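As written, the chain order gives the labels A, B, C and D, with residue 1 at the start of each chain.
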Amino acid sequence: ESGVDEGEGAPAELVIGSSDPVPNLVPGRQSNAFGLTMSVFSPLTFLDADGELSYVAAESVESDDQIHWTITLRDGWTFHDGTPVTAQDYVDSWNTVAYAPNAFENSGQLAVIAGYSDLNPAEGEPATDELSGLTVVDDLTFNVTLNQADSQFPVELSQAQTAFYPMPPSAFDDLDAYGKQPIGNGPFAVTTGWTEGEPIVAERYQDYAGDEPAVDKLTWVPYSDRLTAYTDALAGNVDLVRLPANRMMQVADDFEDDHVYSFSGPAISYLSIPYWDPRFDDVRVRQAISMAIDRDAINEALFGNLNAPATAWTPSIMPGNPDGICGEYCEYDPEAAAELLAEAGGFEGQLTIHFPGGAGHDDLFNAVANYLRQNLGVDAVARPSVGWAEFSEDRNNEVLDGPFFARWGALYPSQQSTLRAMFTSAPGCTNCGGAIIPDVEQALNDADASGSEDGEAYAEAQRHLAEQFPIVPLFEESYNFVTSDKVAELTASAVGEPLLTDVILAED
Amino acid sequence: MTEPATVALDGALDRATTRGLWATLRTRVQFWVSVVLLALLAIVAAIPGPLAGIFGEGDPRACDLAESNRPPVPGHLFGTDVQGCDVLANVLSGTRTSLFIGLATTAICLVVAVALGTLAGYAGGWVDALIARTADVVLGFPFLLGAIIVLNTAPNRSPLLLAAVLAFFSWPTFARLIRSSVKEVREREFVQAAHVLGLSRARVVLTHVLPNSLAPTLAIAATMVGGVIGAEATLTFLGVGLVPPSISWGVQLSTAQSYFQSAPHTVVFPSIFLTVTVISLIMLGDALRDALDPRGRT
Amino acid sequence: MNAPLLALDDLTVAFRSRRGDESRAVHGVSFEVLDKEIVAVVGESGSGKSVTAMSVLGLLPGNAEVTGSVRLDGEELLNADEKTLQGIRGRRIAMIFQDPFGALDPVFTIGFQIREVLRKHSPGLSARDRRRRAIELLAAVELREPEKRARSYPHQLSGGQAQRVVIAMALACDPEILIADEPTTALDVTVQREILDLLMRVREREGTAVLLITHDMGVVADVADRVVVMRDGRVEETQTVERLFAHPSADYTRRLLRSVPRLDVADRASLAVDEPALVLDELTVEYRQRFQSVTAVAGASLTVARGEVVALVGESGSGKTTIGKAITGLAPVRSGTIVVDGVDAVKARGRQATDLKKKIGVVFQNPMGALDPRWTMAESIGEPLRVHRGLRGKALTARTDELLDAVRLSRSWSTRYAHELSGGQRQRVAIARALALDPVLLIADEPTSALDVSVQSTVLDLFRRLQCELRFACLFISHDLAVVDSLADRIVVMSDSRVVEEGARRQILLDPREDYTRRLLEAAPVPDPQLQRKRRREREKV
Amino acid sequence: MTRYVSRRLLELVIVFFGVTFVIYCAVFLLPGDPIAALGGDRPLPESVQQQLRSRYGLDLPIWQQYLDYLGGLARGDFGTTFTGQSVGEQMASRWPTTIKLALTAWTLTVLISIALGLAAGLRRGSALDRGVLLGTIVAESVPIFVMGIMAQYLIGITLGWAPIAGVSDGWPRAYLLPALIIAIYGLAGVSRLMRGSVIDTMRSDFVRTLRAKGMSQGNVVGLHVMRNAAAPVVNVLAIQLGSLLGGTVVVEAIFNINGVGQLLYKAIQDQEGTLVVGVATTLVFIFLVTNVLVDILSTVLDPRIRHD
């Protein structure tokens, strides 16, 4: 029996340390308050840790041609202000998110819907503020037309693509106020909204139509530094925090084993190759680089073995991921690497690895540079940029003169998400750093149209990658958390975020 | 009455008066200790590799990640850092850059501060206002912002440039100190006496005002060296500091910070070198100050 | 005779340098001070008078090694602990230091510094009482407007004023013994007489004994009961004052007495040429302070011809130093003109000003303050030569040595710093520096006040000789009328920031017109104990 | 006095325009595009970026942006950040925290360093003197990060004496530990300075007079030496106070204190021009004002000093 059941007793409360700035909680804008948004809102569909799709707010999401979709909502759902959730609310919300003048940060998630480009013209004001691909059928049903066939659409509607969440009519009156205290359709209602430096509190929404959450109250305490949150968890002042990267080596000493959770996430890191630099034109150069890096040693020395060396171009959590497709090229073999490079004619000049400074990547890329220097005999150095802004600008302008940091954390676990972002010209990702590879794009389009559920179809795309080796996969990232004694069990969904609704608290 | 009534004494007193800076310094233990320490550091700065080689690994960039953060053992007397590089070799190799940045920054800063502080304190009026307000602005101007802009636009980020940037943001403290001492000293009678001798202002300032105003500044200048070496690490952390293959204590310290609980030796050894450097500089400064101040000499 | 109040026995003081060399300043000095007695210590400059005085209260710097014994009422003070000494200092034995400027904390008002002693030694007094007492004390030492003065800072005082503040401070707690190191050198004779009278009164009333260090044989004759003559760190002789003047036993004492200048107003030729070197016309100087301003000189006019020595005498605080400062551009001239060698000194700028300064030599009233503490004597003296004459190396050394010889300082001392010299030695350095450039005009502010009479006479001789040779004009500020008499061609008398009288030396000294001048002359002590006693008795009758 | 004040006010105005403009341009010069970087590694659609650029006037020439900013200021509006938050509100919420922390730390620096400097200066060359030197330098050579986290572990977790994070426990409990850590890094300089001043002053002749007056050591040191030694120390302490008010990035981060330091640091990284200008201008003001006070204070402390 969990302590949650007694209505009379002290409410079961979970205190979460959050170390990301929360400028705005509108689901179409938030970019680092996933835990909160996923507790306050309920998604149309949900992917569990095994990649199994289920329906939450939606009764069904169906299509015959993967282009025209019909979404049917469950009856009896209400927003926290009591108004019923209707198809119109979804359409209004999505239109608001997609409408360029609103400048919502997550609007890119809606780019698949027909008419998105009309709301986001290259120049000037849009002529319309409604997505042509959306039509309301009745209170609980609406139709969605996509730009092109996309079998992954139901998956795209899952929990982490928060742009697809509905907002109540009252939200549109004052989106700024709504951004501080959002009203959602989820199991928890925000009772204390956002104020600079103060905790945000959400309490169980009594009229929630979905599954009962296991706790009564969630409190997010803001920390300016992850490390502090971690230390406070150590002192037992906060129940759940994300493990900071530079404590990965330390955590085993600080916390008992069952207080450390490592969830595989849909994220992967790469060493991207500047396709604009002719020194890297020979595929053997790129393969040599990959083989010269000892991923296992790095994982052990820098990540406390919490990540996993990548063996493909998408993480293994993705359904149908072709694990090991990278083969020998993702395995450490310094001699072979040196040979391969020699065959390719060696490497001229300095090899500078670029990465965004101030974000804690220094050790990783210094290690990579050391390997390249020692195993390939090239003059390799790792060089941080001033910050993210500089890095992204230099990357987009193609002025980086060496391999560079790249990473993609997908919002829904589908190979399609990562591959599309990294290797195609699809809208929504203009600067993901990988080269645009027509073969991959073609393969993706085919898979999208195929309607395959298991993701096998997308593995085909990765065969082209293995052949052309445009970019070096490094690590599948896991999302790591530590908890206080108060938490007995923590589970996560397919997106790596812990499920706050399902946390099991220890009995006193 | 013209017969001399007294005869000037040539007593034991006078032997003690054959003195000079050197004669005074020579007798100070403090002076010799600091000189020896600094000489050692200078040797280290000149030939770090061979020196480190004596104790084990000589190449600071020969790293084995499998040996990451190992505690000191024979062969790696100071242990290894997170990349599995020899800490000893790194600390020794970092000496040159760190010393250079620490000293060059302090030197540049002092030159600027002495010039402007004296000018402000001595000239007064609008010159003072201009310099003092400029100092206020520099003090209030976010260091980070300035450093990023300058270091990022500069074509090559040499240690000298770094030192110049650091100095640019530290001179106001010293300038204010000097300004206030100068304001006090310029009112003293011997300064007036010097004016009355018809000496040019510049000469009065250089030979009488300044030497009598520098003490407070010199007292904290040496402690500044340590701060500068740390500040250099901050810049590196932000991506505008020195870039590899430059090696510095600051960079080592900032890298080691993440692991100081599991691998304390990676913090301890660079810190020791830093401490020794600063302390020897302070001791040298003290000895010089005492020797330069006649009242401390007797 | 009763038991000695203070007894020094075989006192020896040596200064140890860091290298371990020792230099002895005092060798086996013994003498005693009885109840109510005024003992004068006279002697050569640098003979260890100040050092002896300081050793009584254990005030020598840390590198001084003191042996022998100093007993107060039978209690040994030499190795007494700090606590005991604190109880004695200021209350039972008070001390007046030779350099009044250095003796005052520059950042506190003088009123505060006096009240502080009261607070320490008479804790019973209320704050108001202390304030009243402080003002009383300032009034007792003849400071005008004592309420206002109490709020002044040391740097706002004239030399004589500072000295009187120091005296007031020492008298604050009615000590049993007062050690006074040249307490009246900076005072004009009228004030000096008041102060000496005050000392006598205090002695009568409180029974205070006084150990008086002085160069002025007139003062000795006036107040001392017994005299200790020191030379070269040793006591040459100890005598009652009458015997000393009548039958000096030591050879040195005889020489000393012979050197004492006398006010004989002899006839003397003047070197003056009828061509003005300095003309002051209606000069007014005003010091601005935070809330008020002080007019230090009000409409003073005077002329000094080439080759002429004009003595500026007058009341302490009457603006004599200020006139000197105004000529050299160090005091704020409110109105009036100053013409030096045909050039307007107030308006002169740049080159002209520099040239002007080269022509003016200045000896400051406070020689300690006027010397850069970081420079050796040789460096200080050589500076103008180096800068203006471009002398270097051997030539420089030769000229510096010449100057050192001229002021009778040992050449081998040229590497000493100001703080290592006695008061008289510093003053001679200052004189040497002022003469270095063969000035057209010399402004000498009490140049011989800290010199013992023998050195003083040599310096005066030198001065006359140099003046003969170089024919510089000289504005000679002094309190010592005998010195003035032996040197000046004309005399200007100042009182209360105005020139009250001006005239040829003999006319002023023999036939003063102004009342103030007359009082001044009357007050000048003569080095003859009998005569002084008589004068004192007469005065007391009035 | 009125002349002095009005001159200082005029200077203030000139400096204000100078500083805001320079900082405005400086932010403009920072590498990279703040809008493009808003989304992190999840890039924003081009259309959204364009919208944001025109909303925040980034497509205007720099002087126009600056004038608009000044216009806002005249209306008491400090502008908004690229995420739509009011700069004024942010500063209002953060300044009190920073002021409390800075003043606490500064007071600690003052008390400890003056005590250490005095002790070292009076017992010059003694074991105590050497100990103070070694102690302060060693403490300063340890990176502040290490010191902070160690203190957090030791005092916060092991001993449980102070909260680890945040200021919700209020002043002084929550502020003491971080303030102490900050203070440690100011000790070496100020105590050295104090020591030197004390040594110099103790050599003055007037100290001898004071002793001759029978003043106790406590009185000589506590009043006279302190005040004579004060001028340079006050100058440095004032500057320290100023930079503490500028916030201490690392300590604020370690102890989760939402102060100005973190705000400015993030603002610079994110190139939030209005925020940077707002905070930096306030800072420059603080320096201007403290320095006026210091100038006045130093004439009070040492009447010989003139400020014309």
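What we mean here is this: a contact is a pair of C-beta atoms (placed from the backbone, for glycine too) under 8 Å apart; a residue touches a chain by one contact, two chains touch by 3 or more.
All of these numbers come straight from a predicted model, not from anything done at the bench.
Distance from each chain's C-alpha mean to the overall C-alpha mean is smallest for D. The chain pair A-B and the chain pair B-D differ in C-beta contact count, and the higher one is B-D. Mean C-alpha positions place chain A and chain B at a centre distance of 48 Å.
Mean C-alpha positions place chain A and chain C at a centre distance of 89 Å.
Annotation: 22 Å between the Cα-based centres of chain B and chain D. Averaged C-alpha coordinates put the centre of chain A at 39 Å from the centre of chain D. Along chain A, residues 358, 385-387, 390 each make contact with two or more other chains.
Residue positions of chain D touching 2 or more other chains, listed in rising order: 30-31, 149, 302, 304.
Among the residues of chain C, those in touch with two or more other chains are 155. Those residues of chain D lying in contact with chain B across their complex are 7, 11, 14-15, 18-19, 22-23, 26-27, 29-31, 133-134, 136-138, 140-146, 149, 188-190, 192-193, 195-197, 199-200, 203, 231-232, 235-236, 239, 242-243, 246, 264-265, 268, 276, 279-281, 283-288, 291, 294, 298, 302, 304-308.
Listing the residues of chain D that touch chain C in their complex gives 204-206, 208-217, 219, 224, 227-228, 301-304. On chain C, the positions that touch chain D within their shared complex are 54, 57, 59, 82, 85-91, 94-95, 97, 99, 102-108, 116-117, 120-121, 153, 155, 166, 169, 368. For chain A in complex with chain D, the residues that touch the partner chain are 21, 23-24, 31-32, 100-105, 107-108, 111, 119-122, 126, 176, 179, 195-197, 221-225, 227-229, 231-232, 234-235, 237, 358, 385-394, 396, 407-409, 427-432.
Interface of chain B with chain D (complex): residues 124-125, 128-129, 132-133, 135-137, 139-142, 144-146, 148-149, 152-153, 172-173, 176-177, 180-181, 183-184, 187, 215-216, 218-220, 222-224, 226-227, 230, 233, 253-254, 257, 260-261, 267, 271, 274-275, 278-279, 282, 289, 293, 295-296.
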